[in-house]
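Below, subunit A partners subunit B and then partners subunit C, in two separate complexes.
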Partner chain A sequence: MKPKGLFSIIVASVFGLLVLTGYFIKLSLLVKISDLFLNWAILLAAFAVLLGIFNLLIVHMRKMASRQKGSGYSLLLVLAMLTTFVIGVIIPFYPKAAPALDFVFRAFQLPIEASLMAILTVTLVYSSIRLLGRRLNVFSIVFLLTVLLILLGTVSFPFLGTLPWLSDLIRPFVAQVLAGGGARGLLIGVALGSLVMGLRVLFGADHPYGGK
Partner chain B sequence: MNDTILGLLAFGLVLLTALSSLVLAYLRRKSGISLRIIPAYRNLRRAVGRVVEDGSRLHLSLGRGGLVTPQSASSLAGLALLRRLGNITSITDRPPIATCGESAVTLLAQSTLQRVAEEMHLAPDPSSARLTGLTPFSYAAGAIPAIRDENVSITMMMGNFGVEAALLLDACDRANVLSVAGSDHLTAQAVIYAGAGEPLIGEEVYAAGAYLESSPLQAASLVVQDGLRWLLIAILVGGVLLKVAGLL
Partner chain C sequence: MSQILCPNCNLPNPEGAESCLFCGSSLKPAEKAPDAPIRPGQQPTVKPTSELDKVKTPPITAGQTPVPRNTDELEQALPAWLRSLREQGELTGETGSTEEAVSSGGQPSASPSAQESEEPLDWLNRLSQEEEEIPDWIASLGGAETPAASGTSQPAKSAGPFEMPEMADSQAASSQPAEEEALPDWLGAFAQSPESSEDESAGLVSQDETASADILPDWLDRLTPQAQETPAPSEETETPDWLSGLSLGEEQAAPQAAPEPDWLFNQAAEPAEEKPESSSPAFTETPDWLAALEASAASESASEEQSVFREDLPVENAAPLEIPDWLTDFRVEEPKASAPAQAGEELAESLPDWLSGVQPTPSSSAGSVPALIGFEETSELTEQPAQEKADAFLLETPDWLERLGPEQTPEPVSPPAAESQGDESLQMAELPSWVQAMRPVESVISETGATVSESEGVVEQRGPLAGIRGVLPFLEIVPGRKPPAYSIKLQVTEQQQKYARLLEKLIQDEGQPKHIKPSVQYSIRIWRWIISVLLIVSALLPLVLGGFLSPDLTLFPSEWEQTHVLLDSFPENAAVLIVFDYGPAFFSELQVAAAPVVDRLLYRGARLALISTSPSGPALANQFLNSTQASHLQVGAQIVNLGYLPGGSSGVYYFASAPREAAPVAVDGSNPWESAVLSDVYQLSDFDALVVITENADTARAWVEQTQSHLGDTPVFLIVSAQAEPMVRPYYDSGQVDGLVTGLVGGKTYEQTFGTSGLARLYWDSLGMGVLAALLLILVGGAQMAILALREKKGGNA
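Up next is the complex of A and B:
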């Protein structure tokens, strides 16, 4: 391993261990050091947002320059981004510009995201239909049956209303006991995985950053 | 139980996990540790081999988890996977691409891919790791063209996703791209189970490193993780029995 890579691992491990220890052991000095490092991390993350947006701008400008497929959309994106950015920056100095930003969100962002949500409904139904074709096994059948039971137990039918046994007994049992228990099991698994992943990063077994 | 004792207990658990992993890795450094088969990783290895042969690209979608949020572990797992996949595909002239929904993760992905490009003696391409959007749907909408237009044959989704994962998986289906996906988010796990070619459920997301390029410590950490799971099962069952018996 090159010295630069080793240095990155040592820095990550030392800082990570200090923050971890400060989180669990409430010694005044340790807590202060831990909070200081966390604040640095938050500051860096905030600055990273600006860099990330700059990256987005560069990617789309390169796309336009090389006349790649969809470069017209890239032009729209760059124009919209710059306009919104300029409006956002001038608001503290010129508060009358605030409604313009509000308009951008209400007229563009909200309807577009709502449309994508609508597409999502169709996509989820389509995925469920295709599930048995993709993986025909017991788990897929149980998955689809659960989806159907929950949907049937939730909807209200014309003239009939809700189905009594299904909506009062079966749906709550499936949703709150069976699915709830399964969800907790998955969450415990995720928590254990997070713990072990964090330790691997601290020991340098996994180092998700540059340096050889 | 007050906060101090709880904190010390939690710290003890972390120390126990760390020490067990180190000791097990040391004891089994020569004989190796066999891991259970996870079909998604087995098929991913085969598919990555095909990517190297046919000259197509590999796309890694890292989700929206930040580095100073509780979702950071899944983002770190995704970044570690990017590094490994970059190493594996470094014999081709087509480095992988990464799309992210969080800025700090984008910077780390850029750093990782820059290193891969250096190893391949290629000029680093700043657009190989890109921030595609900061809200769930804008992120998905920005990542879809990468799946569709950049000669991608495998999309790995690993990180924090919500329901927008369905849009990415649908794009994979339409472009005939193999999708291997996992998330730390429960809703996304349900969506991924229904829509992904190869789903990763629960903690399988964090095991990518050990399955793709095993080191003794990585494999040992998974064995310790399984041990902790059995310990928790014993505590839960014991707690239920004590409660039923009226002793708790």
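Up next is the complex of A and C:
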């Protein structure tokens, strides 16, 4: 192993062990060291967000410079990005600019993402209709029946209200017992996986910080 | 009273005598191993021939002049049938006087006594008694030999076929005048004539040799100088009278004297009791070569056995055997006896077909020389002119042999192992490849040394001659099978043609485009438009119609009661941390779900601190407050927006451990920790409640897990989207989360609980209508697709 890789492993393991120790042992020194390292991590993460924004800006500016196909959309993206960034940056220094930021959010971002969610609804309904035509088997039928039961037991239909047996018995059973059991299994698996992954990083078995 | 013949002097001795009364030699060996001639049908036994090894002279070969040698010692080793031949020769050679016969040949040279001359020997008496049984031809020989002896000259080389060495020695030892006195007239004439006849015969032989040397193969050519180098013996002094007479008589009676006379057969077939018992110690065991000859003679008929004995035994097989001088002389001198054509024809008639065909084949003479040369062959070699013999060689010699001229003598080839034994064996002829290929397998095997089995013949294993010995194997004689001629034209059966047509049809079908039945294709775009329109119409229809189409909820969720109790138990002016961690797409749903809870908190005077781990979270928080809590904001609600908290889970943990350090500045740039909202909050546990609004289960899990060690008794409320409920509910069920509000249903539940009418009520009818439309679409469309799929399956199977 190269010295550079070994150094990275040592740094990651030492700092990880310190933070972990401060999590379990409430010593003032360990807590302060742990908080300091976590603060550094938060700053690095925030800086990483900024780096991501600048990277996206450079990519689209290159695209406009090379006059590639769709460079007009890149121009809009760059303009919106710069405008929103400037407004967000000047708000602390100029608080009267805050309603402008709310307007951008309310006029552009919120309706766009809501429309995407609406399209997703249509797409899901359409996929459910074609499911049996594409794959007519037991699992497809069970999947569709589950969807129908949850929908029937979730809402109150016009002029009908909630459906007995479905809303108070079948739907809670499916959502809280069957789905809850599966979710618990997934969560336990995620917890064990996170634990093992953390230990591997601490002991140098895995080093995701290497960029590979 | 039985008597014993002395092996040395052949004189009878009384039974029980251990030594000869006449010569003093021991008689014991004769008693121990009496020798009996083999009879037809008997299997010969292999006997040592060590006595024959005493003669160190090399065996005579074809074209070689025999040299008389002293073979007294071997006289005792003669087999019984040869002895009987000699005896009969004596009978035919003499005039009938027993005394003369004894004096000429039967008397030993060492001790001629008067008693012997006066008293005939016992075996001679028997011979005289058997004279009545002498066949006619012998009688004719006896009658004709007298004039023949006078008129025919005996060549020097032809010492007679039955040369008796001891008699020759005796003659050489005795004084010539004495012999002349004892010799009869005809023998005296014979004794005087040899010179002239010797010259003639020598001339014949020399001519034969020179003539045949031109055409003979190399092996014969090599043999010729040896014969020339051999000094010509004066055999007239060694040739016994009876033998001379016999040979002369045979020459005179050439037409009657067949190459294999009857007496020769009779001698071989005579029973042992009728012959004088041989007392020679050396003859107690039959020599190997004689055993082989006798075995072959016993296995076949009388005529066949003689023929085989005479011609089928190749020289190369007999070469290892040491042929005594007398036998060599016999073989050489026999040609002097003429081989008339008549006798040859008679012999040919008695021979089987295969032998008659083989007999004149020159290849047999070229490839192998018979052990005993027949009378016809010897006569041809000696009596015919040289030119005739040369022509005969030319006519009967194969092409390969013709090409081997004297000047084309091939380079001397190293003799084989059998030949390398010395001059005692004949050199093996070099067979051409085609002759070797035609040889039977048995002959090749016999070359390894199995001379006895070869002389016995090979037992036929198959065919109609199965079980018969000595039959030529027909399979090996047949030349190599010619390879079958295959036709150039392709021969294909009808079945193969059928398969070929089928394969061709298959390949042709593969090359043509296959028509695919067009399946029912539905336009995706139309269906999407239809679905979109139906869903939109169903969602907008309650808004257009106005009023409340759907009744209120009558069944609340199980978590509703606990959540409701906690919300009402907060103290006034409580510090509540609300986390807005959801995307703008879920803004409408979570707005409806969170609005009743936040409204209840603000209603109770709670101080709100807003924070988010999503970059859009602070804007969503402002939007949420402006859209749902406008009434509360107008009256001066204490709310502070801490902004964005980077770092994900680490940021959450850091904020949980040190809120003031993690979020030191609010969105408006002020210090939130110095404001009235958070002035008394130093750590996370100082908040009275933690409310997390999110659509992502991972975000909810991060807040629950990372803040749990710092919250203390602070309750945690989760307001999540309906899609995250299954993943979040375990935390509620496990007690890590104190309150849970899920989706539009949860918001509608708390609106009903708190007796307010808000967005939940507005969205409730649209939600019901949209879900109903989606259900109908899924049911109808799914059923139709299933039917189409079943039809396609049935069509495909058909």
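Keep in mind that, in the parts below, the second predicted complex is superposed on the first by the 177 of 212 C-alpha atoms of A that agree within 3 Å, B and C clash if a C-alpha of one lies under 4 Å from a C-alpha of the other, contacts with A are read in each partner's own complex, and residues count from 1 in each chain.
Following the convention adopted for this analysis, contacts are C-beta pairs under 8 Å (C-beta built on N, C-alpha and C of every residue); 3 or more make two chains touch, one makes a residue touch a chain.
Being a predicted model, the structure only gives us computed values, none of them experimental.
Peer 1: Which holds for A:72: it touches subunit B only (first), subunit C only (second), both, or neither?
Peer 2: neither
Peer 1: Could you tell me if A:20 is touching subunit B, subunit C, both of them or neither one (first, second, both, neither)?
Peer 2: First partner only.
Peer 1: Check the residue A:161 against both partner chains and state whether it touches subunit B (first), subunit C (second), both, or neither.
Peer 2: The answer is second: A:161 touches subunit C but not subunit B.
Peer 1: Now for A:126: first (subunit B), second (subunit C), both, or neither, which partner does it touch?
Peer 2: After superposing on A, A:126 lies in contact with both subunit B and subunit C.
Peer 1: Which partner does A:106 contact after superposing on A: first (subunit B), second (subunit C), both, neither?
Peer 2: A:106 sits against subunit C, while subunit B stays out of touch.
Peer 1: Answer with first, second, both or neither: which of subunit B and subunit C does A:206 touch in the superposed model?
Peer 2: The first partner, subunit B, only.
Peer 1: If you stack the two complexes on chain A, which partner ends up touching A:183: first (subunit B), second (subunit C), both, or neither?
Peer 2: In the superposition, A:183 touches subunit B and subunit C alike.
Peer 1: Looking at subunit A, which of its residues have contacts with both subunit B and subunit C?
Peer 2: 23, 38, 41-42, 45, 49, 109, 112-113, 116-117, 123, 126, 128, 130-131, 134, 183, 186-187
Peer 1: Looking at the complex, which residues from subunit A come into contact with subunit C?
Peer 2: Subunit A residues touching subunit C: 23, 31, 34-35, 38-39, 41-43, 45-46, 49, 91-93, 95, 98, 101-102, 105-106, 109-110, 112-114, 116-117, 121-123, 125-126, 128-134, 136, 144, 147-148, 151-152, 154-162, 167-168, 172, 175-176, 179-180, 182-184, 186-187.
Peer 1: Would you mind writing out the residues of subunit A in touch with subunit B in their complex?
Peer 2: Counting only subunit A, the residues touching subunit B are 20-21, 23-26, 38, 41-42, 44-45, 48-53, 55-56, 58-59, 62-63, 68-70, 109, 112-113, 116-117, 119-120, 123-124, 126-128, 130-131, 134, 143, 183, 185-190, 192-203, 205-212.
Peer 1: Please give the residue numbers of subunit B that touch subunit A in the complex, ascending.
Peer 2: Counting only subunit B, the residues touching subunit A are 3-4, 7-8, 10-11, 13-14, 17-18, 21-22, 66-68, 70, 73-74, 76-80, 82-83, 100, 102-104, 106-108, 110-112, 114-115, 119, 126-127, 129-135, 137-138, 140-142, 145, 149, 163-164, 166-167, 169-170, 173, 184, 186, 189, 191, 193-195, 197, 201-203, 205-207, 209, 215, 217-218, 221-222, 224-225, 228-229, 232.
Peer 1: Taking the complex as given, what residues does subunit C use to touch subunit A?
Peer 2: 524, 527-528, 531-532, 535, 542, 549-555, 557-558, 583-588, 615-616, 619-620, 622-623, 626, 645-648, 650-651, 653-654, 657-658, 661-662, 665, 667-669, 701, 709, 722, 725-727, 729-730, 733, 745, 764-765, 767-772, 774-775, 777-779, 781-786, 788-790, 793
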